[in-house]
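Paired with chain B in one complex and with chain C in the other, chain A is shared by the two complexes that follow.
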Partner chain A sequence: MADIKIGAYVCKGCGLGERLNTAQLMTVAQREGKAQVVREHEFLCNSAGISMIKQDIEKEGVNHVVIAACSRRAKTDAFGFDSVAISRANLREGVIWVQPDTDEAKEITQEMAADYVRMGCAEVAKMQIPQINPSHGNNKRILVVGGGISGMTSAIEAAKAGYEVLLVEKTGQLGGWAAKLYRRVPSHEPYADPMETGVPALVRQIEADKRITVHLNSTISRTSGAPGQFSVDISKESGGTSTENVGAVIMASGFEPYDLKKLPELGGGKSPDVVDQAGLEQLARAANGAAIKRPSDGKEIKSVVFVQCAGQRDESGKHLAYCSGHCCNTSIKQAMYFKDSNPNVDAVVVYTDLRTPGNGEDFYRSAQRKGVIFTKGTVSEVVPGAELQVKFKDLILNDDAVAKADLVVLATGMVANSGVDIDTAGGAPNVEGQKEGGESKVVSILNLTYRQGKDLPLLKHGFNDSHFICFPYETRRTGIYSCGPVRRPMDAQQAIEDATGAALKAIQAAENAALGRAAHPRSGDLSFPTFRREGCTQCKRCTVECPFGAIDEDEQRYPQFNESRCRRCGTCMGACPVRVISFENYSVDTVGYQIKSVDIPDQFSEKPRILVLACENDAYPALDMAAMNKIQYSAFARIVPVRCLGSVNTIWINDALTSGYDGVVLMGCQKGDNYQCHFVKGSEMAYYRMSKIDDTLKGMSLEVERVRTCEVAITDIQRAPKIINEMAETIQKIGLSPMKF
Partner chain B sequence: MSGAVATNETILVVGGGISGMTAALEAAECGKDVVLVEKNPSLGGRVSQLYKYFPKLCHPTCGMEINLRRIKANKHLRVLTLAEVDKVEGRAGDYTVTIRLRPRYVNENCTACGACADAVSTEIDNPFNYKLNKMKAAYLPFNMAYPQRYVIDSSIIGTPDAEKAKAACKYDAIDLGMKEQTMTLKVGAIVWATGWRPYDAAKIQPYGYDRYDNVITSVEFERMMDPFGPTAGKLVRPSDGKEAKNVAFIQCAGSRDRNHLKHCSRICCMASLKQSTYVNEQFGDQAQSTIYYIDIRAIDRLEDFYQKVRANPTVKFVKSKVANITEDRESSDVILHGVDTEGYHRYDNRHDLCVLAVGMEPSVDARGIPGGVHADASGFLEADAANGAIFGAGCATNALDVNRAVQSATAASLRAIQVINKVSGAEV
Partner chain C sequence: MSELNKVMVEKYRNDFLKEVEANVEEGNWVKMCMQCGVCSGSCPFGPYWEHPPQEIFMMVRAGKREEVLTSESMWMCTSCYNCIVRCPRELPITHIMHGLANYAHRLGIAPKMNPTRRFAKLFWQNIIKGGRVNELKLSIGLYFMDGFSNGVKKGLEMLPVGLGLLKTGRLNPFGLLGGGKCKGASDIHKMLKKAQEIENRRKGFAS
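Entry: the complex of A and B
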């Protein structure tokens, strides 16, 4: 790589010129920051300022640029120079907007600014311009696992965009549960009647599409690799395995209905005339529009009761705790099967909350018009017999009641077919996981060879949904997306939408992998982790702690970074006790040298130094917005944005303390069940590591109050400055650190 | 960026809320050229006005920051604000779109230093806070606004205040002579993501939103929780500023009602459950929330959140469509009248504040979308082959929660890409 030539540019706009001695800052950049080119400008972000910098890049060979102006979040268009390393010294939001404009404050404000210039120069000196990951793959074929309505939709939609698709289905035919339906819930106005499932047309479309290759009676017996270069073994039921390469994977393995035999009190398994919703579809298909006959004696059904939430929304812990979302609409549809063939059939739906969101309301009204009876109640028992008795508490009349019926339909809900729960099974081979309310044998869907386990991590209740509200396609296995009811309980209409979106994400993962780029949330980042093999002690922390399962172990038990699976959060870098892991543009040194570059006044100066390591997505913007609102905080704080608190290596804390910092504050996202960390486990790992810092402090004979780890949200605009000030007060109480030189 | 060049391989995304941002970013991160137009001065949309999301109780601006970072980092995506689509001509793969750009009176020189706002004295209603308070007529729409650039409100153009703003700006960023402009773009596909607006609560006459100070909407309630909002983050009554500890939430305010919105707006049950936690956040055990509902629609795993709120002793549930609201003149308390259908008891319940969980209607009626698309009876954009390459996304297509809106936007993005790839002949 070419020699580093640092250019430092100090802006005088937005009051910086009036509040700060910019000439001194330039001297600092030149003498201490080793910047070869140093310039100031009245208004750095205007076209003249930008062309000045561009000219230095082109003519002077400046390749590392320090912008000493506003926050890295501001003016990104103007300061977005290609193919140079850039660091932003935040003099506006980080200094003058958070300090009083008074004569007394002038000195410490200037010192603050000078430190940020030092830090910017130190960071940029250690940064490298990311080179593209050399081991990226170019395969853009999409593997879809599961041939139900979700998988078929993903396959068709990906093919429509021009991509080759491999569709693998474990049974002998495409269609999944949707193919077993008589009709489906309508997706268009007037939402009055059940509609055709559309499955045969989808199957025909797949068969006619030369971009889609279908493997029936097949499962995935091995998945290895990374986006752009997955290798999968497709095993036929009859024996025989073929190995295929794909660029991304969509897991659409669907659901199983909750076993009605687990509901004997509701007649499940006790009477052939108590069926689940799938059972009713079978009867309706057999009738094909004529009168539906009951299983026990073939008698034409004259009365039917639908029991909603059967084994769902269960508070006892025995059954499913969740609502499956589609069952109210499904029961309405099924009640219509009866009413449409014979309006004189009594169809009663017993529910606690009728859940027909959106235009389901029209469908609900249509059922009422057709004479379906809706009763708010909770069913306690279904007594088998020639005439079934449904005992329930009528919640409107607040009274016990009995309904008699020829057939009872239990709306039992969906159980995700999501494979092995790697968090409980530990990813060990041949472990049978256990699903909520179920004991059925769990078979892995993807059989990933990843060190962290065979399947996608689950979120809740056995579904592998995303934890993030804004980013529903996020999974913890890069390039592998799930869709349909395996992800979250859903109806066919939502599954179609979901499957289309998942197809986009898969395509995107393959496209970005081919360019050596990171996936969400650092999309486009070209850097990737490397490690110094000689220094590695094979402690395995990086392979264990990676939130995305990106790191395996090679034959010699060294970490094997699958760069295309990496999200560039730096959790591995934070975990590494011997500090051998780094990214080109973010490393132990880029931060470590910033920390070391700060000027530490002596013990008698009454000028403490507080290091703040702030999550760049939440805490750092909160501090920026505090500045925009002119909320002040201690001039002794030196704030370093970090990719994620998980990337914080404790060496930074140790170095800061031994070099004389008086306090350290770590600001990261909420951890725990409702974690907000976009790298999943980063902030949790930071807390874990920091839980041991007290011993370190005691070993140095320092007070434990000197280091504090806090959860800070992006909305903590008033609280984040307060936390800094509290640390300043603490230091005032306990005194400056004795470790200054 | 009014000189944006686009071709029939470009995707136009209309609407810069979470759906539009998602559709635009997902396509741009597949390497497609995208132009994103937003009628407001900032991206962000309705979710940026929310205090927290259900069920995690996390902050929408957190996801917005990630999306803004993605936008800043992506060279395929161009953003036009204060921009609206006037005309769409052509067909799938070959549209000509006319876009009207309203003047911001502030150019890209703006550093967001705030000197213009300091100089101006005129105050105008703050739309970000649903007009619950005032702001300067030179303003940054909100803390997270992107582009981070001030706006001079057109109402002060031609007044001395505007001149003061201009004089205060050292960066030649204020251009009072800016005029409305139109531009035409060539695009291959269009994602329509214009989102939703709250149903006009005043139309639900028995609830007296237009007559009683202490009847507010759910979206206004959200703004009250923001420390930078109209009440500085305090839950207080509009009538007298007294702490609102005893809060009634009325579900289906406008929704599931043929006189108003015939659909269920999907999010309102969860929104009220979430908002009951706000009352606890401020007043702890002193809080009293009562939720008047027909059915609690906490779909799928959101049920967990419902069960958590149900276990909270400070939250009461009453199965009832509230008949009407009256006001106690003296105390300004609101009194809700109706019948609890579980056991048929009449009630006349007194509360400090009543929050109407207002329904969602499309922000732009799909019947009026330029280019002509299929609309349902509520004005939502319905998918239809006749729509050509105009694809609905998010709440423009239905009442959706954030999760589903983002799924919908991601799907719409792929549909647009399919058209673009056909135009460009891209085969993989």
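Entry: the complex of A and C
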């Protein structure tokens, strides 16, 4: 932009005036930072300070503003000026709160502050004012995939909020597994007895709601587009496809019970009188409150044994490795079916660890009161026969025991219907064991036309990756939210809450998309990535590394950004080897020029410079909090917040080292299965790229210790400053960089 | 096997838990145990029990009638009430232990030589006689519990203590001749007899 007018404002409040020479900072802003308007104020965030800045914006034509005051995380409301580019030089949390207030420290504290002012001016000079994404759609209809209890709840909740809903169900009727239950685990006081499933009422509610359109016997054969402008093909089983446009998608495709035939040692498939929990529901529905009869000979069941964790929490690798969460409560409920119809039926639950989430503890107690026997033990074998024998080891009495029963119920757990695993392309088995013998075919649920694959990425055990630590509904496909047991194992009550949350997230996504803004976690961000087409080498790294699959390929094999799918993490920008990808307010230059603007004292000054690239979501707030606690760290550190460590382009490291920085510290979030990265894969990508930095360093004849990448959580208030200090010590040991000119 | 024991075995075939619920004091609580083990961990005598309370409860549910009723374990309880205070399911564990011990004793299958049981018997016989404990007779009875020569030995061992008690007026030598009974001891006998009748009727013991 030709007519950039930079205004730099230095605050003297919060002790800045006493600790720093603000006049010198103003000179730096003017001479080095090229700020045309430079002012200081006693208290910049008060109404007089703010109106001073506003006046400059209106009367003087200042359109790029540098606030040299507190952290960018503080006073965001006061310093939130519309339609100007803003940069914040962090003099309070970044300088005076982390340096000692002594005469000896005065000089280097002032140098630190001056550098932050230089960095602020350099950043703002390269920033542009974001314009709204021009290719945004404004469809706000919600598509719900799956008509089980989760899908129905999502549909009802979205409709209640005033949104049109398309509900697509694979089978011929709504209700899913919940409709096949005889009763449900209670969801309200006194949590003592099984309760009605409530499915018929939900179905009636959906049928009566004009805003909800139901497609039965239908699947999704194609999904393309982006939030606010998805285009979806709905195919009927009988043939025929209709194309619909929607704004956001909720995937509630549910689960399948783990196949009990895979448990022959527990009698699965060997005896008709060994059933899974779904099988027992069927028997209970047939009995409808009367005595439950067993499948083999129709005899009234007088004794029943429930085997918990059948094929679950398995350490051998043959079966499910996880706990499905609902089965303990479900077995308790099913044991009550027997006790409620005839208290003289022997109902024994053999468990290793009874886990009753929610108010299940009351339900458990109620079952004990009804006379259900709970035995802690591991079942080794179920011997089929007219009277089944359950052989188990009693873990309390350390005893081999046998329980005899007319019927055995295996709690086999949930396998997610999450579609194809796009990471092991071609639909390899998503759960070990489940596909043994290859009898079950994995079918895509969404059939996305995205370059990265047809379905939502999985995290582990075949469940959708849905940021389970911080943002449970967020999947890695913007505008598509998963809920219910496809996300993690859960019971009906949890699925209902989950579905409500997902409905709200879907609405949020559609609304944000219609405004051309980013969705979570940079909610409201108007910037979006653009690329310089003539510089692109079509290497595809951006399309592969985007954690959200936002980038496709156009006909000429150039990246196609699908701005509405973008979360603005900048991982593509960090990936680009030719640096053609940028955001209006965040680019290789906005950070690169900050790095270059820092004053580098010569090799003999004994004043090293440490560049810290800190994730703005976790590491930067951790450092801010360290400052609030007055935890000091090296005055030689210069901290640059980045959107995500994934956005770090290695050119920054290169530039920093060649321009004389003595050390570089990268602070990102935890990666791996227990990731905390707001952008899921960003920190992992950064680690991957940085794993190759050693060669670069060696090529420059620099010590590899000069660059360090570490995982920092928002709670690492003591550790983050310590990492900086460790780098300062390392530099003291190995000496200053020889690359200073 | 006593007559009463035979009757009970017959009546509650294969269902020891029901038998405990019906006949043991606070026995209806046994089914509510959730096997957390806090009772066993809290018991100051825990390490000396063959089967700590948690195990006893599991054995009751597993139908191990003989093992439970002939066990010495319940007799180890000193009524410190630590388990009751700590049980998250609020089971009256101390009472159940005494209830089980008492039930085994009634059935005649409690361990014959268990010292707690023998002391309890001595104490009971002593107290019901006059409605008040005759301490001298009780202690002498205890000394001679394991035969005459043991009694003399124990008595001589305790002689200095006895003389000390005598000197400070804490021991009445005439207790040996009887006396110290409360007024209306025969009424107490009547009350106890009636109570026994009521209990037997309630619990269905043939009397």
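Here, the second predicted complex is superposed on the first by the 720 of 741 C-alpha atoms of A that agree within 3 Å, B and C clash if a C-alpha of one lies under 4 Å from a C-alpha of the other, contacts with A are read in each partner's own complex, and residues count from 1 in each chain.
FYI, a residue touches a chain if its C-beta (ideal position, glycine included) is under 8 Å from a C-beta of that chain, and two chains touch if they have at least 3 such contacts.
Nothing here was measured: the structure is a model prediction, and the numbers come from that model.
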item	value
Combined model on chain A: chain C and chain B, fit or clash	clash
Partner chain(s) touched by A:M490 [first = chain B, second = chain C, both, neither]	first
A:L354 touches, of chain B and chain C: first, second, both or neither?	both
Contacts of A:Y163 with chain B and chain C, given as first, second, both or neither	first
Partner chain(s) touched by A:A401 [first = chain B, second = chain C, both, neither]	second
Which superposed partner A:E315 touches (first chain B, second chain C, both, neither)	first
Which of chain B and chain C A:T375 touches, first, second, both or neither	second
Contact breadth on chain A, by residue count: chain C or chain B	B
Chain B/chain C common contact set on chain A	354, 376, 396
Sites on chain A touched by chain B in the complex	13-15, 43, 45-46, 70, 73-77, 80, 140, 157, 160-164, 188-189, 313, 315, 321-325, 353-362, 376, 395-396, 398, 460-461, 463, 465, 467-473, 488-490, 494, 497-498, 500-501, 503-505, 507-508, 511-512, 520-521, 523-524, 617-618, 621, 625, 628-629, 669-670, 674, 676, 678, 713-715, 717-718
Touching residues (chain side chain A, partner chain C) in the complex	354, 364-365, 368-369, 371, 373-376, 394, 396-397, 399, 401
Residues on chain C engaged by chain A in the complex (per definition of touch)	17, 31-32, 34-35, 54-55, 58-59, 61-62, 64, 89
Residues of chain B touching chain A in the complex	18, 26, 29-31, 51, 53, 56-67, 69-70, 72-74, 108-109, 111-114, 140, 143-144, 148, 170-171, 226-228, 256, 262-264, 266, 295-304, 307, 319, 341-344, 376-377, 382, 398-400, 402-404, 406-411, 413-415, 417-418, 421-422, 426-428
